[in-house]
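Below you will find the structure I want to go over with you.
Chain IDs A, B, C and D follow the sequence of writing; residue 1 opens each chain.
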Amino acid sequence: MSTIDTIKLSNARIAWRAAQDIEDGAYVNLGIGFPEMVAQYTVEGRTPVFHTENGVLGFGPAPAKGDEDWDLINAGKKAITLKPGAAFFHHADSFAMVRGGHLDVAILGAFQIAENGDLANWSIGKGAIPAVGGAMDLVQSAKRVAVVTDHVTKKGQPKLVQRCSMPLTGVACVTRIYTSLAVVDVEGGRFLLREKLPEISFDDLQALTGAELITQGDVADLVVPDLD
Amino acid sequence: MDKTVSTLADAVADIHDGATVMIGGFGGSGAPIELIHALIDNKPMGLTVINNNAGNGHVGIAAMIENGLVAKMICSFPRSSNPVAFTEAYNAGKVALEVVPQGTLVERIRAAGAGIPAFYTATSYGTELAEGKPVEEFDGKCYVRERWLKADFALIKAQQGDTFGNLTYRMAGRNFNPIMAMAATRTIAQVSAFVEPGTIDPEHVITPGIFVDTMVEVPNPAQEETLIRDGVVYP
Amino acid sequence: MSTIDTIKLSNARIAWRAAQDIEDGAYVNLGIGFPEMVAQYTVEGRTPVFHTENGVLGFGPAPAKGDEDWDLINAGKKAITLKPGAAFFHHADSFAMVRGGHLDVAILGAFQIAENGDLANWSIGKGAIPAVGGAMDLVQSAKRVAVVTDHVTKKGQPKLVQRCSMPLTGVACVTRIYTSLAVVDVEGGRFLLREKLPEISFDDLQALTGAELITQGDVADLVVPDLD
Amino acid sequence: MDKTVSTLADAVADIHDGATVMIGGFGGSGAPIELIHALIDNKPMGLTVINNNAGNGHVGIAAMIENGLVAKMICSFPRSSNPVAFTEAYNAGKVALEVVPQGTLVERIRAAGAGIPAFYTATSYGTELAEGKPVEEFDGKCYVRERWLKADFALIKAQQGDTFGNLTYRMAGRNFNPIMAMAATRTIAQVSAFVEPGTIDPEHVITPGIFVDTMVEVPNPAQEETLIRDGVVYP
């Protein structure tokens, strides 16, 4: 196990960090899988409203096993519950919300993010059966497009790169990246390092990043409570 | 999260000189008369107003025109049973007019709300209202390209509203209101009855709260037709 | 009073004739004013559904005086009532019905109709304040676009012409014309005379018409009951 | 006017070889399983099927594919927890695939229903899914032009339906159903409960009857998820 593996944040802790930036009353879409964990760490006293592509605003966590209603699911086809103030609507209205820029934040996973904000997260390229879902709509239109991701691939390759080699989901769309090691903003075609784990040096972090990390003033410590 | 404010004056306080303002309603049906009158009290000038019509009698949009707030009307039908306010201002060169076919008007507004910068419609092809607009043939038929229509503010009228901004409407008073709610930077709703979240069945929500920014309760809204029959002149 | 004035159909009788062509279950939009009269002559046993631009399907006649609700009006801003099976919807859906070709019949008034189906009914030209409403949407999209009109203007000029001199509402859109003297179809850029009042000769009718009236086989008698 | 028929077989009898068929639902939610299975009984061949997904397990659209009815899928996400039917047919070259971003898919369908032959969207700009499509800049941002998507038939699932075709839906089962109802030459709905006209509050109608042609009552519709967990293979 490398040093990185001993210090890096778990997915739950990355999700916790992302949740801290969600304002009270924000309208939020969370991608299927890992990004969905963000909802669990909603900051006390804030009431974000979660949107799912298949036509629900204001849903809550999964029901108890056995209580599922298969007409009440999210975009990941998982059973959900409703909170007071929820609303149902059809798919065209749902994507009017998305494409019309009405979502405050969309949080997605990523294969690669380029320093100009290009995102690749839908296709591993030739060979696989293509399947895009709503990702291309979400990344082009939400006010903030955030990514939650390991800092590097399972093979240790950088996911933050100068230019994506994989098929793009969207062009110049990502605004903030929460990784297992750092928080990075995309601004003016560059990666701005905002926070990093205190356990890793800037040079070691740069070595794990495929494009230049810019710093402006101090880089804050990325501090996340132990959630395990 | 609570999108309610307590007074009409608070609701419209940010509407500034030169703003583009969508106003819901079709004639008096679904027209947010109380919000309009609160806006007249503030007297912002040089407004561009988007509505299906251009006011009737001496209340609502007609009163906005008579009080000098309106620089331009974008509408489909600037006539009414008593169109004197608009007619006089237009003939005096005080108010500009852009006439848009009714279906194109609402689709341009919906396009703004749905992130569609332009679309094609057969409506108005070959007429003077299509002059200067790009034309293209699809499947052997000619269509006119129309652009989205956005606004800084939308003033709308709803029936029930919860604190999250979920809204219902009353009969044909629905008309342009839910579409305008989607298309403005800030949507301000007058609501006949505030209710707690969860009161409106999620199946019956017409405008989900994501489209609504500010709400004020107006429990017994006036009907434009009644005001006109009573000869009311605002203010 | 000319001969024409003694034999021509009243507006009510023109409306009656137009109503005979409305099938059971047809979705119908009637223009403001004279075309609205068509609803009064719905054929016994048929249930057409009337559409109004401001978001109602399935409305009925005006309420008794004093029973008006001003949130329940038609496109002419007149109070209406609802029939069982009515529905409310917003303006974008209303014009999706129109523009999407879902209406079976739209019936409008006219200033002029050209032999290629061009219609002028919205503007008398320079000087007046322009006001178009939903007419341009309706004429481009309904499956059948019918006109109800006097055969000639108040000054005796033809309304059925070779080419409209007034501003167009739509191009090549009218499919049938119900006049005070005849029923005329527009097909292949020509006026096909289908029915005429037995009291007027073909030649006299042609003289009141600004373009050639074509006949194919027999021209039926236009027979309308006395409604007065 | 009565749009009801008494059997599922009658409802789908006219769907012919080579037809384009929209099928509502998002995964199993809102999917008209009984209509799909009745269609499989008829075995029309060479169908183009439009759905968000491409079937799951061995029922519904997956069973259509396994029974050889489908020549082409137009969808946003042809994967599922058990995608074997589509995957095998696709890899064997038996089924063609057009992948469309989900928002573009539903907007293309809505455009067909609303008489809009083409529109612009930012979605997919700069990606391989935009290759070959016209691109245009509006207000400094680039957009891709997309065409309407029509069908010969739409198969949808609703909750309540009156004899005029006014429909309601059940929770997130609404999804694509009301939009597909607008876009097909003939819309066929399976309805969990027939009611008399006037039973559905006019304020609560989601699909007005003008968009519906044929209805069949299926009082206790199966849920796709339940069938899959039970290992059902259709037929």
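As a convention for this text, contacts are C-beta pairs under 8 Å (C-beta built on N, C-alpha and C of every residue); 3 or more make two chains touch, one makes a residue touch a chain.
Not measured: the values here are computed from a predicted model.
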item: Co-neighbours of chain D and chain C - touch as defined; value: B
item: Set of chains adjacent to chain B and to chain C; value: D
item: From chain A, the most remote chain by mean C-alpha position; value: C
item: Selected pair, greater C-beta contact count between A-D and A-B; value: A-D
item: Centre-of-Cα separation between chain D and chain B, whole angstrom; value: 34
item: Chain A-chain D separation of Cα centroids, rounded to whole Å; value: 30
item: Interchain centroid distance [CA atoms averaged], chain A/chain C, Å; value: 57
item: For chain D, residues that touch 2 or more chains besides their own; value: 107, 110, 114-116, 121-122, 169, 171, 202-203
item: Two or more partner chains touched - positions in chain C; value: 56, 88-89, 92, 95, 98-99, 141
item: Contact graph of the chains (line, ring, star, complete, other); value: other
item: Set of all touching chain pairs, with the criterion as stated earlier; value: A-B, A-D, B-C, B-D, C-D
item: Residue ranges of chain B touching chain C (in the complex, touch as defined); value: 26-30, 52, 76-81, 86-87, 90, 97, 99-104, 106-107, 109-110, 121-129, 169-179, 206, 223-226
item: Chain B - residues contacting chain D, complex; value: 107, 111, 114-122, 136, 138-139, 141, 143, 147, 168-169, 171, 202-204
item: Parts of chain D lying in touch with chain C, wherever the complex brings them together; value: 1, 110, 112-116, 162-164, 166, 182, 196-198, 202-203, 205, 208-211
item: In the complex, chain C residues that touch chain B; value: 52-56, 68-73, 75, 77, 88-92, 94-95, 98-99, 118, 123, 129-137, 140-141, 167-171
item: Chain D-touching residues of chain C, taken from the complex the two chains share; value: 24-25, 27, 47, 49, 51, 56-58, 82-89, 92-93, 95-103, 141
